[in-house]
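Provided herewith is a single structure, encoded as structure tokens, for subsequent inquiry.
By letter and in written order, the chains are A, B, C and D; residue numbering begins at 1 in each of them.
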Amino acid sequence: MSEIRDIPKPAPSSGLLARLKGMWREIAGDDDDPIPALAPDLAETDLDGLRRQLRACLAAKGGEVSARGRAAALGRAYLSLSATGRARFLAVLAEEFGPDRDSVDRAVQALASASADERPKAEAALRAALEPPRLRLLTQFNALPEGVKFLVDMRAELMRLAAADPVLAPLEADLKGLLASWFDVGFLVLERITWRSPAAVLEKIMAYEAVHAIQGWTDLKNRLDSDRRLYAFFHPRMPDEPLIFVEVALVEEMAGNVQDLLDPTAPVGNPEQAQAAIFYSINNAQKGLNGISFGNFLIKRVVDDLSHEFKRIRTFATLSPLPGFRKWLDERLVKGEPGLLSATEHRALTRASGGLGAKGSLKALLAESDWVVEPDLAQALEAPLTRLAARYLTAEKRPGGLQALDPVAHFHLSNGARVERINWMADLSANGLRQSAGVMVNYLYDLDDIDANHEAYSGLGKVALSSRVKALLKG
Amino acid sequence: MSEIRDIPKPAPSSGLLARLKGMWREIAGDDDDPIPALAPDLAETDLDGLRRQLRACLAAKGGEVSARGRAAALGRAYLSLSATGRARFLAVLAEEFGPDRDSVDRAVQALASASADERPKAEAALRAALEPPRLRLLTQFNALPEGVKFLVDMRAELMRLAAADPVLAPLEADLKGLLASWFDVGFLVLERITWRSPAAVLEKIMAYEAVHAIQGWTDLKNRLDSDRRLYAFFHPRMPDEPLIFVEVALVEEMAGNVQDLLDPTAPVGNPEQAQAAIFYSINNAQKGLNGISFGNFLIKRVVDDLSHEFKRIRTFATLSPLPGFRKWLDERLVKGEPGLLSATEHRALTRASGGLGAKGSLKALLAESDWVVEPDLAQALEAPLTRLAARYLTAEKRPGGLQALDPVAHFHLSNGARVERINWMADLSANGLRQSAGVMVNYLYDLDDIDANHEAYSGLGKVALSSRVKALLKG
Amino acid sequence: MSEIRDIPKPAPSSGLLARLKGMWREIAGDDDDPIPALAPDLAETDLDGLRRQLRACLAAKGGEVSARGRAAALGRAYLSLSATGRARFLAVLAEEFGPDRDSVDRAVQALASASADERPKAEAALRAALEPPRLRLLTQFNALPEGVKFLVDMRAELMRLAAADPVLAPLEADLKGLLASWFDVGFLVLERITWRSPAAVLEKIMAYEAVHAIQGWTDLKNRLDSDRRLYAFFHPRMPDEPLIFVEVALVEEMAGNVQDLLDPTAPVGNPEQAQAAIFYSINNAQKGLNGISFGNFLIKRVVDDLSHEFKRIRTFATLSPLPGFRKWLDERLVKGEPGLLSATEHRALTRASGGLGAKGSLKALLAESDWVVEPDLAQALEAPLTRLAARYLTAEKRPGGLQALDPVAHFHLSNGARVERINWMADLSANGLRQSAGVMVNYLYDLDDIDANHEAYSGLGKVALSSRVKALLKG
Amino acid sequence: MSEIRDIPKPAPSSGLLARLKGMWREIAGDDDDPIPALAPDLAETDLDGLRRQLRACLAAKGGEVSARGRAAALGRAYLSLSATGRARFLAVLAEEFGPDRDSVDRAVQALASASADERPKAEAALRAALEPPRLRLLTQFNALPEGVKFLVDMRAELMRLAAADPVLAPLEADLKGLLASWFDVGFLVLERITWRSPAAVLEKIMAYEAVHAIQGWTDLKNRLDSDRRLYAFFHPRMPDEPLIFVEVALVEEMAGNVQDLLDPTAPVGNPEQAQAAIFYSINNAQKGLNGISFGNFLIKRVVDDLSHEFKRIRTFATLSPLPGFRKWLDERLVKGEPGLLSATEHRALTRASGGLGAKGSLKALLAESDWVVEPDLAQALEAPLTRLAARYLTAEKRPGGLQALDPVAHFHLSNGARVERINWMADLSANGLRQSAGVMVNYLYDLDDIDANHEAYSGLGKVALSSRVKALLKG
């Protein structure tokens, strides 16, 4: 789980279905070879009809326009299926509409015997032979009124199914490639979301916010007040569906506590006086676009926009969770890894936990969360936990040794940000305590250093740190 | 030359260049490895710098966002080059950024030794190995402010150059594939063009109209009057650039003369009373999208829109030129093909041409055009020329034997239209006489028959004909 | 209380105030004669400064543009005042900025001595002399960023205050005249409200709906579903503020029960199949536009729009409350008016109420509302109550004898509608029982009869009735 | 003939008429008392029908909505009339729909006998009695699809007619008052006009530009280039009709020659480098809004916008003609006013004109315009003519003694501008030589001084001058 995650909440298919039915009537109504009514689970007897329709689409029977209509009808049929039926539908696509084996083999032969001059052409021919017909079928679903969203959701479904059934993996990969081309960042539109935005869009923002859940329309309105900004990327064919969005607070200085930022009773600040823009929540909204990245573009575009609008803002930073910190720490505590606490820290903790005895061990303390309301304990915990958090962020790597273990850290470090400050008691929500013992981190985006930071991180795994964090690490 | 053609007229690059310069300043201004100023012809010494930049783009040095900035700068550099320089730039892309030979060979080996289960994965891996890096570079140019138009124009240039230099063909094919994905008809927006449309768009319409040239703003305004319609497809990233457009006249009955339709002094008709919609000009506007077809979608969308707006319209038909008719006929006349004229026709023509002797031969008459002002001659010519035109449209095929020789006929017959009527003295402009001896044809779009017509034509080369045209063919 | 009423709920002044402060900084910041900070109650000592500023506005000191800036600052000052302060501010405007007595008297003299030819000019001069300077001041408040809304709200305040203090009445009348000119129906924009409308607008719809209160965003979304319509009039200068709106249900036949219409669990109907459009709620949203009527225009525009969009809809009718029915009936029951119930009705009621004795009297029954859950009682009540409701709507008049006593009836009858059907147990909400014993009425809008119905009603007080209602009246 | 050329100015009435006919069909088609077909000159027999319709409108026969439809039909009838017919139509409105004499007299009586307390109410009643019914009729024309434009054009017609026929003056005054309320500056929308603006709007800009005529679409495009700005005020109900517009050049320093500014071959400047914004043409576009001023608002809004967009611009000034200068000077030359030229000036002129003798007199020289191509003469003329121009602008007043004689000077001085510089040989067009001997003037808008300048000018007739102009005046 990470700051950047996806949610399955909205089920827009019912409205979509209604529109598709209309579409179906319009386009396929007078078809002489109508799509038969399908059993929800797609009975064996339905499969032949399905194959025939898929082949008619590919052959563009009746011309390109009719083929699109037929594809739309197939899309509608797909939406009417049960989970089992959909899996079968996808399996037909994956298994029976791949590259033609003979054509591929012939093209491989031709390549083998091609002269140097002929080689580029032979390569192109082989590549064409390898392009599976199902890719053309997927493209045709674009004819549905909400065809792009249809394909994005189909990929989400495919990813889930392909995890269990490797036969679907090539189809999933084809669809990913198609979506990656269509969702090139050059086609995305950055929009500021305000209280004047369509309710249909705001509803999605509420559903998709997974980092700091939105409690309702009042909470949302508060996050759209004059000292807040919410930006999202959209695709022109999915105008009501944010792809990724970021929530920003315009404040006087680098924020260190997220409950303060979200407090609906806090007075509204004057954005003209703001000196810091805090990115306190970033959410990917479309599971089906997993692995097609535009988060880095979003952040830099927003930094650019804000720095033009508000001349006083000098600091662009996040206030981010460390979603894997507690898990990482607990593993070490369970193993009894030596040297996690310094002697001084250990003494302070023992003193502060008083008569607690074993219940006063770091592990027990974190499990109970009672320290939150015990000022002495909280103070004694600050030094070791912030130091360990800094270590977790900077030294712990995924297999391979370059990428940070923490997914949020990896995202921002890849973007060229710097670990600027570790904040103690920064997120005291249940989730914040469970994931990261209340610790949060500011990643700083300094446009002058971003490229160099990115290179050092992606090439060498080197994490950019502020002197403050460096000092913390040294204890 | 055809009804559906392209023109090179507008040279929007100057304005584009200005915007690019700004872009360049913004994005690449603080680059530590700046694009060097290039010699217009791209001197040999420039090539190394160019290669280095291209490789930096591919490596996403400094991160994805910086890579896009770098690509934009490269695009700017490309635009500043001479024709020679551009050809060299493209040759570098084509020759040095193709698929990696070793990776391809390894993937071919892996495919050869793959088990049946492993084969789909091995195919996908080979396809990935065959995907040339230059494709990623082309995609990155999308970062330019008018990046999509940039790539469309680059393909137009590539098509011209590749005709002479086959080394460029694979690059051209890559670009075509990219554009075909981006310009999928599902992403296009149909817009009605009116006198309230932006002047910037209207200016392009005037420049791109190649079938019946627009004489100026007054002529254009006349073509946008209340009894006329002009529809165009646009791409969201090229809002001022029509991709294809069609001009329609809403009239009382199927029109048989194009000068009447274009006459600016004719009274404005009442569209509510119209019973026929005549598509009198269809123009592809972007040479760089050659081979990526959406004309059939345009016509059917417009038929759909008009039939909803005007309930009385029953007839949807074109008024089209026969661009290759005279050329085809002259070849036969030169060869002295027997039986071109029936005995009756020959007698009538001899009588009408009176003392002209040899000058009265069909070939001479057509070359002189004087028959236009000689009623007797014109009348004597009608029977043979309309009959021959019908034969030309329906019986003359391209190599392969299925597709009509005439390109406009092929377009409409592929769409499922029917040859409805041959019109005598229908286009007496210089161009109309030179290309088709003044003959024009109505292709009828009857939605009930379109699919069947398309199938019969594309499968068997069978041309749908009205009974009137059938009778004409029988003489 | 009526179907058409106003609500004081939203207090948008806080946001407005914030924007005004910005405005103030911009415009009046460098004024050499700044508006002094005012005591909330507007102390006696503040009044001189206020007068000076008002006079400076009138004199356009520094030019028209500066005068507008000054007016905006005065508007801001007004908004910062307490209720007492505002009353004083308005009293100054009303009492000290009326017509100049001497000028009026001179113009009266001139009129008296004018010849017939001179009279039109003398009349115009007198009219000009009577135009109070405060009208010019009111107009200048239009310079505020939300100046039109400011004036609308000021009139709402004035109406309340003028009821107690007649000195304010002429100022209120001036403002009404100004708003009537600005809100001429020709300037209003009809908009359909959907779930894609700005949340800022939807929020207002929820606040202003007073006939059938909206329970929250989910209820609102339900009222915007595909088988519902919501239309509102807007003024270009108040884009987030609906002026009046109507909610419509597209259903199969004339609806007779409002709880059914509002039921969020009811299945969504197919609007294409609808044969009736039921206007089930009409709300005036701006108290300050009281007496400036556009409800009739709204209904007829919506009828027009819907009849173009849905060809099957034949019936356009309301489902309306009878807000004064119970009050009217209770007065008669208290007085013991003879003959309210027929002998048959009385017997049936006695029988149905069984052992209730005096508690079974009509008056007691209505007061208790228990009849709702007693089928026999409810059935026995239907005949007398629907008959009495029909009598109430058609025969009971306001003083003057022409206008219907019931305000909702008066509105629709003025518009030319017909009393079509009285519905029993049609609104069983607490409010529906309290106001109209659960009875509702359908007013039918038949475009062919509207003008004649209007003339008969407005000229003679004659109420158009369906034959069904006529029969009901006859018992 | 060129592709890009101009069209004889728009005659929008034909399009309007067409739309009105549709409107007429819709609204008045089923009227039981239809507007009879009228003779173009409005025969005596037509007048009774007209009066009846006007009275039906006033009585709102059939309700308010029908009354609007009736008014629209009357408007259509008006547009179909000849000039004579329109004059008669307007005379009926003016003479027969004025205030009711008896009501006025009664209200005058009531005022005379009112107590102090009763007086405000009596004044309001008298004012109501004086409000002519024709004002309500005028308002109802707002129901026409382009009703506001209709009324603006009607006032232009009335102004012309009222000059000859005083009976129309009160009607014209009523209409002016109505338009002044509707066109309050708070309702106007400032728009920047670009090459992406609708051709329908650009066409109007070309037609309405009267200061420096636009030569065609190419000239217009040049005036919309990146170093130019064109702003216009619009009314929401007249979206294609600019009310007033200003053309601005963004240049390096205060411009002194208008041909240089308009030169289409001049290189495009970089607006980011501009230090001066030169307002070189301001045009009122609607004759019917004469006397309803918003020019001052336009200039200050544009100054405000530009100073936000371009931080380097320090100078906001006009480059303006002196339309009455030659006329004023010639009168003095004809009268032989002594001392027009100083002795030095006279000597220089005599020397420069060499052997011209009497033809070398100032009057003769100006009449011939030959001096333009004679450098010596031109140089000798500079000193006296710029000095006299400065005198003309600053010392010559209209009757009353406060307002500048020159209308352009009066406009800018009222706005608070300063006479900054007199430019010699600044407009050598035929018109520029004929009106102002080629002299032009820069009026400077310095926001710090505008209010004080305005007060000094409007109160005392004092003209703000730069030190350079002061020096020039002293000779």
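The criterion applied here is as follows: a residue touches a chain if its C-beta (ideal position, glycine included) is under 8 Å from a C-beta of that chain, and two chains touch if they have at least 3 such contacts.
Quick caveat, the model's predicted, so the values are computed rather than measured.
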{"item": "Joint neighbours of chain D and chain C, given as chain labels", "value": "none"}
{"item": "Greatest separation from chain A - chain, by CA centre", "value": "D"}
{"item": "Inter-centroid spacing, chain C versus chain A (mean Cα positions, whole Å)", "value": "49"}
{"item": "CA centroid of chain B to CA centroid of chain C, Å", "value": "59"}
{"item": "Whole-Å separation of chain centres (CA-atom averages), chain A against chain B", "value": "41"}
{"item": "Per-residue multi-chain contacts in chain B, two or more chains", "value": "none"}
{"item": "Contacting chain pairs - touch in the sense defined above", "value": "A-B, A-C, B-D, C-D"}
{"item": "List of chain B residues in touch with chain A within their complex", "value": "61-66, 68, 98-99, 101, 104, 108, 111-112, 119-121, 123-124, 126-127, 130-131, 139, 142-143, 147-148, 167, 169-170, 173, 178, 181-182, 184-187, 236-237, 293, 296-297, 300, 414-416, 450-452, 454-455, 458"}
{"item": "Interfacial residue positions of chain D with respect to chain B in the complex", "value": "1-7, 18, 195-200, 202-203, 217, 221, 226, 240"}
